[in-house]
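Here come two complexes built around chain A, the first alongside chain B, the second alongside chain C.
On to the complex of A and B.
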């Protein structure tokens, strides 16, 4: 089956006082219906920028995107990056919906919960009447697990907890039956216990409705729990993309390895090595190192890593890595890299 | 008065209203303001039944009579009952006062919202226009516009709207700049709402309170401005009664018929205090609620 979203060489450049800055460089991945793709990386690695570039929502005036982002629906395929603002407005919500990071501030404080959900349907004519929109809103609220939905419909966001707000945000995103959901760190602002509930809800909805879910997170635990495939971003580039199981079994990029090493795991509690942090800091995008962007922090870096840009290459069937020493890394003992 | 308009939250420096607030408390002061204003509005609407006299019919034989039970506020140099004229004038003055806050509020809000939301070229054009308008003192601007258009109700509206809208535009623009960066605006765009919809339905309800607070304190200043304009001969043409024109006409009789100037002046003072008490009260209430 052809993928829902097929992104090829997405590059986003924003103007800054010191000249143009490339915040997303040559990002390619595809997302199929019923698939959950994780996009992981540290803060500032360009994850959110990828999402926003797709929907034309980069919050910087004068930014530019190049590459291709093909979205295929039943009839045809559209390159999102070439669409006008007006055409994009028709895509947003109805074809591709985005869930933003902070659910509590993602709801308009002066609007009732019900209105936040029905607004999505009334704004583009998905619902024919207020009553129809209201009925659907009640359905959606039940679907996302908001109890007592009849009464909650008339509550204001400040009367809701963070987790409940996130459920409302998800309901509003689902309101116009989009095919793709982009969830930009949907659980970051929530308590750990609530994070888990929301994540399970998202995954369940994604499976039931056969959605494509692009899940942005910095939490490897979240990825392990929910994604079939994962793309790791570092300094604006994808450094590794693989099936989740493969990546967890043996990463092909030292940065992915570093991320895994600093994620706590239950099963290895007694005999495990301690959590190992990645030394150093992510680079400033204005002063990127030559060659591999990760080499200043990489224990495996060689002379070749410091000179030329590293291409993304296939290191195994279905796996891509931007590391010259991917095979060496795969052959190493698990503890040996950052210790 | 022009100085006061520059400070957005300027309150009337009325020692009396301050003392009254201390005396009866915030709520009581607001209530007193509301009661006085209601009385004035009621009396102005019921003027034809309250007073047996006509506000414009002249009776030269009964001119310049001092206050008596027959003529509560006396009569003017044309023999017209001053009390009747004060009542009829209240209707006109209050209407102009409210509308001359309402129109600038609407115009300033729309333009300020457009400038703040779209930024860039739109922002530059609108805000440089605002700068140009604020460069002229409030009354000078109003006088200039009326001088061009000729005195009358319509030119009064136009003049005070042109003189007053820029403050609202500034307030609204500043608020929109803050709100448009909120997550819920990004969320709204991610769900495919159009710019017009986001601006009108998602941003404006969040920023309207400070403009109402400013409008509340602005009403008194605008009413005083209309009387000032009328006093300068730029109000409504005679014989229509307004407080400002009544004072202007009575000016030359101040030593022989003090009531012609003093009593309409007193009406302005009382309405001014009432409005400022009510406006401050509502503004405080809106602020607390936020």
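On to the complex of A and C.
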């Protein structure tokens, strides 16, 4: 089956006072219908910029994107990066919808909940009448677990909790029956028990509706619980792509390994465990190191890692890594890497 | 064990809410929000005690009320036999040489117009600890202690990453050589790869300086790596407090168990399909009757709706506030 989204060599450059800055470099991945792909990385890794580049929503005037972002629906294949603003408007919401981290500020505080859910349906003609839109909104609210939907339709966002607002945002995203959902840290701002509810809701909807879900997160726990495949980003580049189970069983990039090591766990054999940090900190995009961008923090770095850019290469069937020493890493004892 | 370093008794904090004109006209009492409701526990010398809870649980108010950054409404905070809440401003300033705080947000808790040297020198001067050459030597020592290079002193907060700023915040707290630190979500604004560095730094400082710490967190998995004991708060009350190992292996409060189940496990072979806990924390403005957790609790019955459960101690050192704790030993 051809993927819904096929991103090839996506590069995004934004202007800054100190000149152009490449915030996303040569990012390639594909997303199939019914698949959940995790895009994981820390702040500044470019994961949100990838999402925003796809929909022409980079919040910096004068930015430019190159590469290809092919979106395929039943009829044809469209390169999102070449579309006019008008053409993109027809894609957003109807074909590809986005869920952002901060649901409370994503909603218009002076609009009723019902209006926020029906707005896109009415403006792009997905719903034929106000009544049809209202019926659909009630349906969606039930689907995302908003109780007492008849009454809540007329409520305002400030009457809703953060978790309920995120449910409204999800309902609005689903309103025009998109094929792809891009969810940018959809649970980060929520309490632990509510985060769990929203994540499971999102995964259930994705599975039931056969959506392609691009799930952006910084949390390896979220990836493990929801994604079939995962792309790890560091300093604007993808450093590893693999099936989730394979990556967790044995990462092919030292940064992925480091992320797994420093993720707190609720259980382990050790009674008084210690977190294993990655030394140093992520680089400033304006002063990127030569060669591999991770080499200053990498315990495996050699001379070759410090000079030339490292290409993303296939290290096993279905697995890509941007590391010269991926095979050596795979052969090492897990606890010996970041000792 | 030489008795508690800090003994908190019945600590309560209510915030008045702005009254509406209608309420005033109809003679209704102004509403208030009880952020901390009769909280009592002890912190032992040299331990790291973590308090975990969701938003609205009162965990941040607890940390701030302890140091009187929020003036508590009732209760006692005994430190060295003295009730901190009864100290006048001069004595309280002196007490703060022993009691310091690390703030959650490393971006807003540093003055952007002061260099790191000025930030630290200010603390040393306010507390009359050192000026001039003595202060400079202490500043160099503090930076080394938190793992920052000596040349960090003459840079400004904007030159540092979140993790480094948090180190500066820790250095500032340590400047007065305190014996007790409140760390309010010290890593929640820091990237994962750096979070472990900060946690390990706090453990090392505890060990080398003999510090005692109260750590506030919203996430159980992180505190597991640093805590000797863990307390769980829900809507202004402590619902369970036990040695860290017991919280993670033998939690008895249904809320603690739900928090443990809700944390996404970094293990794709152990996917959990079911939701850990339905509903959301109720508003502390209008808390449920009886046990505040009864609206979300799978074990709740009539008694839970009517009667506030008291903290009991079913096992030595393990306290829990649940009417049904004796039949809840296994996770629901």
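Here is the rule we go by: the second predicted complex is superposed on the first by the 332 of 339 C-alpha atoms of A that agree within 3 Å, B and C clash if a C-alpha of one lies under 4 Å from a C-alpha of the other, contacts with A are read in each partner's own complex, and residues count from 1 in each chain.
Definition applied: a residue touches a chain if its C-beta (ideal position, glycine included) is under 8 Å from a C-beta of that chain, and two chains touch if they have at least 3 such contacts.
Note that the structure is predicted; figures quoted are calculated from it, not measured.
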{"item": "Clash-or-fit label for the pair chain B, chain C on chain A", "value": "fit"}
{"item": "Touching partner for A:64 - first (chain B), second (chain C), both, neither", "value": "neither"}
{"item": "Chain B, chain C and vertex chain A (Cα centres) - angle in steps of 10°", "value": "80"}
{"item": "Winner by number of chain A residues touched, once chain B and chain C are compared", "value": "C"}
{"item": "First, second, both or neither for A:302, with chain B first and chain C second", "value": "neither"}
{"item": "Touching partner for A:161 - first (chain B), second (chain C), both, neither", "value": "second"}
{"item": "Which of chain B and chain C A:129 touches, first, second, both or neither", "value": "neither"}
{"item": "Touched partner set for A:42, first chain B, second chain C, both or neither", "value": "second"}
{"item": "Minimum distance between Cα atoms of chain B and chain C in the superposition (Å)", "value": "11"}
{"item": "Residue ranges of chain A in contact with chain B within the complex", "value": "55, 57, 59, 61, 89-94, 97-102, 105-111, 119-120, 123-124, 169, 172-173, 175-176, 182"}
{"item": "Residue ranges of chain A touching chain C (in the complex, touch as defined)", "value": "42-43, 161-164, 191-197, 199-200, 218-225, 244-245, 248, 258-260, 262-267, 271, 273-279, 281-282"}
{"item": "Chain A-touching residues of chain C, taken from the complex the two chains share", "value": "54-55, 161-164, 191-197, 199-200, 203, 218-222, 224-225, 245, 248, 258-269, 271-278, 280-281"}
{"item": "Chain B residues touching chain A - in the complex, by the definition given at the top", "value": "119-120, 181-184, 186-194, 197, 201-202, 205-206"}
